[in-house]
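What follows is chain A paired twice: with chain B in the first complex and chain C in the second.
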Partner chain A sequence: MDVLSLLLADSRFPGGGHVHSGGLEEAVARGLVTSERDLPPFLSGRLRGAGELAAVFAAAAAHAAARGVRSGYWLLLDAELDARTPSLAQREASRAQGRGTARAGRVAWPSPVLAGLLAATPRPHHPVILGALAGIAGTPPRDAARAAAYLAVSGPASAAVRLLGLDPLSVNAIVAALAGDLEAVAARAAASAGAEPADLPAPGAPALDLLAEAHVRQHKKKEVRLFAS
Partner chain B sequence: MPADNHDHEHGHGHGHFHPVNFDPTATEPDRYAAQPQRGRAYRIGIGGPVGSGKTALVAALCRALGDELNLAVVTNDIYTTEDADFLRRAGVLDADRIEAVQTGACPHTAIRDDITANLDAVEQLEERFPGLDLVIIESGGDNLTAVFSRGLADSQVFVVDVAGGDKVPRKGGPGVTTADLLVINKIDIAHLVGADLDVMTSDAHRMRGELPVIAQSLVETPDAPAVADWVRSVLPVAAA
Partner chain C sequence: MKAHARLTAELDPASGRTRLRELRSMAPLTLFPKRGGGTAQVHLVSSATTPLGGDELTLTVRVGPGASLRLSGVAATLALPGSHGEPSSAAVHLEVAEDATLEYLPEPTVVTARARHTATLTASLADGARLRTSEVLVLGRDGERPGGLVTTTNVTRGAVPLLRQRLMIGDPLLDASAAYLAGRKVLASEVLVWGADPAEAVGGDWWSVTPLAAGGTLLTVLAPDAVEAGARLAVARRHHPGWTPGCHDPVAPVTDQTVSPRSGNP
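Moving on, here comes the complex of A and B:
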């Protein structure tokens, strides 16, 4: 694992990730996650749904960026991820983080490939820009996938500490226990990295889609949510 | 049609509620086209502890400067819409000139360590109102160490008040010592809360060296004329 993937997976990376809870805040508000005991199944489900999907697209983007892409590829990849994300709220959350990551990427790692991607899609999905930045730097698809999958669980884990006052040492141990699953997700994603966008896997988690939609709806009804998603 | 409006709409005919929006035309293709580069608005951050009068100062500045500057506001209240609603109700600024940011329970992170959400809000306002002169970014109420990143705010105001205790300026911290302007608010009630205003201002000047300090009461001067003058003095071009 190289320094670039460490930077991209760092919770201090200034890409706007800290305002997203990955559905955890809504789950807490509904009493579905109330204690440390509830966190492992939530994170495990999140890893297998949103995490696996993010890993698949990060790996594909890394693969493509490293090899040079044909015209129209980034729009196609972006649209295929739209098609695999049924919740509008989740698409918006992904694009918000993608735009933030792109902003940080333009400053730290400017390149013609990045400029081409952002000209085609100025608010790319988060896994697409994350994977592209990795691929441009020569980071293998598997490392990009691992970073994307890790972010899919580290964000909600941090939100659980902030919202429920859980012991951060215990929460860290819960995330650490997912290491084997994270590696498996990254390996599977790397294996499909070279597929045509339309043929990429389409894992989903309907409960997370519902939580994301409810989160936005409740926020607009004045039952305030502290996180953007 | 966005999912959150779905339960109010009766047009699609089969009479039940979809919790998830499956309409592929709702956002695709991405509705955010690339924006041409324009000169950007000057950004002033307003920070300070909870209850010190940040939102009231923002409202006062909107009243004082709204006629001479093309301006907009970003609020970061941890309860998100509270401050924006206050400004809208006060009628000092059109509702669409106010953006509220969600900070993930970390208001200081959103103005300092990871300014993404605030930059997005500023850029949305700049796209909506070309030629914007000034964006005022109000932080959520926070502690004495919370300051704005220079990547977000071109200059910043730190607001404390006499009711927070007259020792606050002496305690220092980056907010008090480094902000481009320190405002000591609510001086009309100093005698009621036993605060020694002379001590506060002299401590403030001692902690801040040459940096300016303004003591004010929005009850006595509702349009914050001294702070508005300071804003005019820091803008890159003279107000039209």
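Moving on, here comes the complex of A and C:
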């Protein structure tokens, strides 16, 4: 694992990821996650749905950036991730984080490939821009996928500490226990990285989609929420 | 058992009615035409206990330009294991031509213990085509844990992907996870590519109507049983601005407490 993938997976990376709880805040508000005991199943479900999807597209984007694809490819990848994200709330959360990551990326790692991606898709999905930044720097698809999958669980885990006052050491141990699953997700994502965009896997998770939609409704009702998603 | 059933509907320009040009059943998939109006109606009957482990079932439905077809199931399907644990698969291919309409409405699929079933649905739509298709998955019979099911949905309009989803059922951890299936017994979903889509997502506890990025709408319901799932789906459908039920589709009188808390004087 290189420094770039450490940077991208760091919660202090200035991409705006810290304002997203990945559905955890809504789950807490509904009493679905109330204690440390509820966290592992929530994170596992998140990893196998949203996390796996993010890993698949991060790996594909890293593979594409490394081989210097034409800009038409980014449009195709964007449309394919849209089709795999039926929840409007999830699409908007992904593009909001993508935008933050793109801003940080433009300053840190300017390149013609990045310029081409942002010209084709000015509001990229988060996994795509994450994977592309990795690929531009020569980071392998598997590392990009691992970073995306890790972010899919580390964000909700730290949100759980803030929202429920859980013991940070226990929560850290819960995330650490996911290491094997994270590696498996990254390996599967790397295996499909070179596939045609239409043929990429499309893992979904209906409950998470419904939580994301409910979270947005609560925002609109001006219910107090700490996180954007 | 391997079977491939085919159904082709075409518009008869003289009468303006849809005619069934090809209706090829193959056991255990039996297609029964019904008398109808301008829309052709066909019932799909699974004529044996199916899908059973080892089964490979394929159904291909083509609706020609301007034609209108409704294909509905008549009884719930039980996905059952084979005697030696063989997997089963069912593939449905839907092709809907320009300005044609297809409703594909199978009855619920019950994933029984130890089943290993793969379901795929591929829908290719031309410009102006309308599609309504639903899927209701029941995680095991009463008191039963579900076997394994992988279900994949692909809906495209021309070269544009509208919806691609793959779901796995039967991993106890994921079935129970609040971030996956939330411990609910029934997952119901419906794709509507049918006129105007909602501008915003609409929903309540464990149901939503969400516009897809490139057109079309997905209705999703998680419910404790199939009856509530169906009722919830009917409520969700009423929030779709483009949906116009045909004359053969009476709107069930479902109360909608989540969205319309009161009626009467404003």
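Methods note: the second predicted complex is superposed on the first by the 228 of 229 C-alpha atoms of A that agree within 3 Å, B and C clash if a C-alpha of one lies under 4 Å from a C-alpha of the other, contacts with A are read in each partner's own complex, and residues count from 1 in each chain.
Simple rule for what comes next: a contact is a pair of C-beta atoms (placed from the backbone, for glycine too) under 8 Å apart; a residue touches a chain by one contact, two chains touch by 3 or more.
Please read all numbers here as calculations on a predicted model, not as lab measurements.
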item: Which superposed partner A:Leu163 touches (first chain B, second chain C, both, neither); value: first
item: Touching partner for A:Val19 - first (chain B), second (chain C), both, neither; value: first
item: Chain B versus chain C as contact partner of A:Arg91, first or second or both or neither; value: both
item: Chain B versus chain C as contact partner of A:Ala214, first or second or both or neither; value: both
item: Which superposed partner A:Asp82 touches (first chain B, second chain C, both, neither); value: both
item: Which of chain B and chain C A:Leu32 touches, first, second, both or neither; value: second
item: Touched partner set for A:Pro41, first chain B, second chain C, both or neither; value: second
item: Doubly contacted chain A residues - partners chain C and chain B; value: 79, 82-83, 86-89, 91, 206, 209-210, 213-214, 216-217
item: Partner chain C, residues of chain A touching it in the complex; value: 23, 27, 30, 32-33, 38, 41-46, 48-50, 79-80, 82-89, 91, 198, 201-211, 213-214, 216-217
item: Residues of chain A defined as touching chain B within the complex; value: 12-21, 75, 78-79, 82-83, 86-89, 91-92, 95-96, 99-100, 103-104, 118-119, 121-123, 159, 162-163, 206, 209-210, 213-214, 216-217, 219-220, 222, 224-228
item: Contact set on chain B toward chain A in their complex; value: 2-4, 19-22, 24, 26-30, 32-35, 78-82, 101-106, 109-110, 113-117, 119-120
item: Interfacial residue positions of chain C with respect to chain A in the complex; value: 152, 160-168, 171, 173-174, 176-182, 184, 187, 189, 200-201, 203, 205-208, 210-214, 218, 220, 222
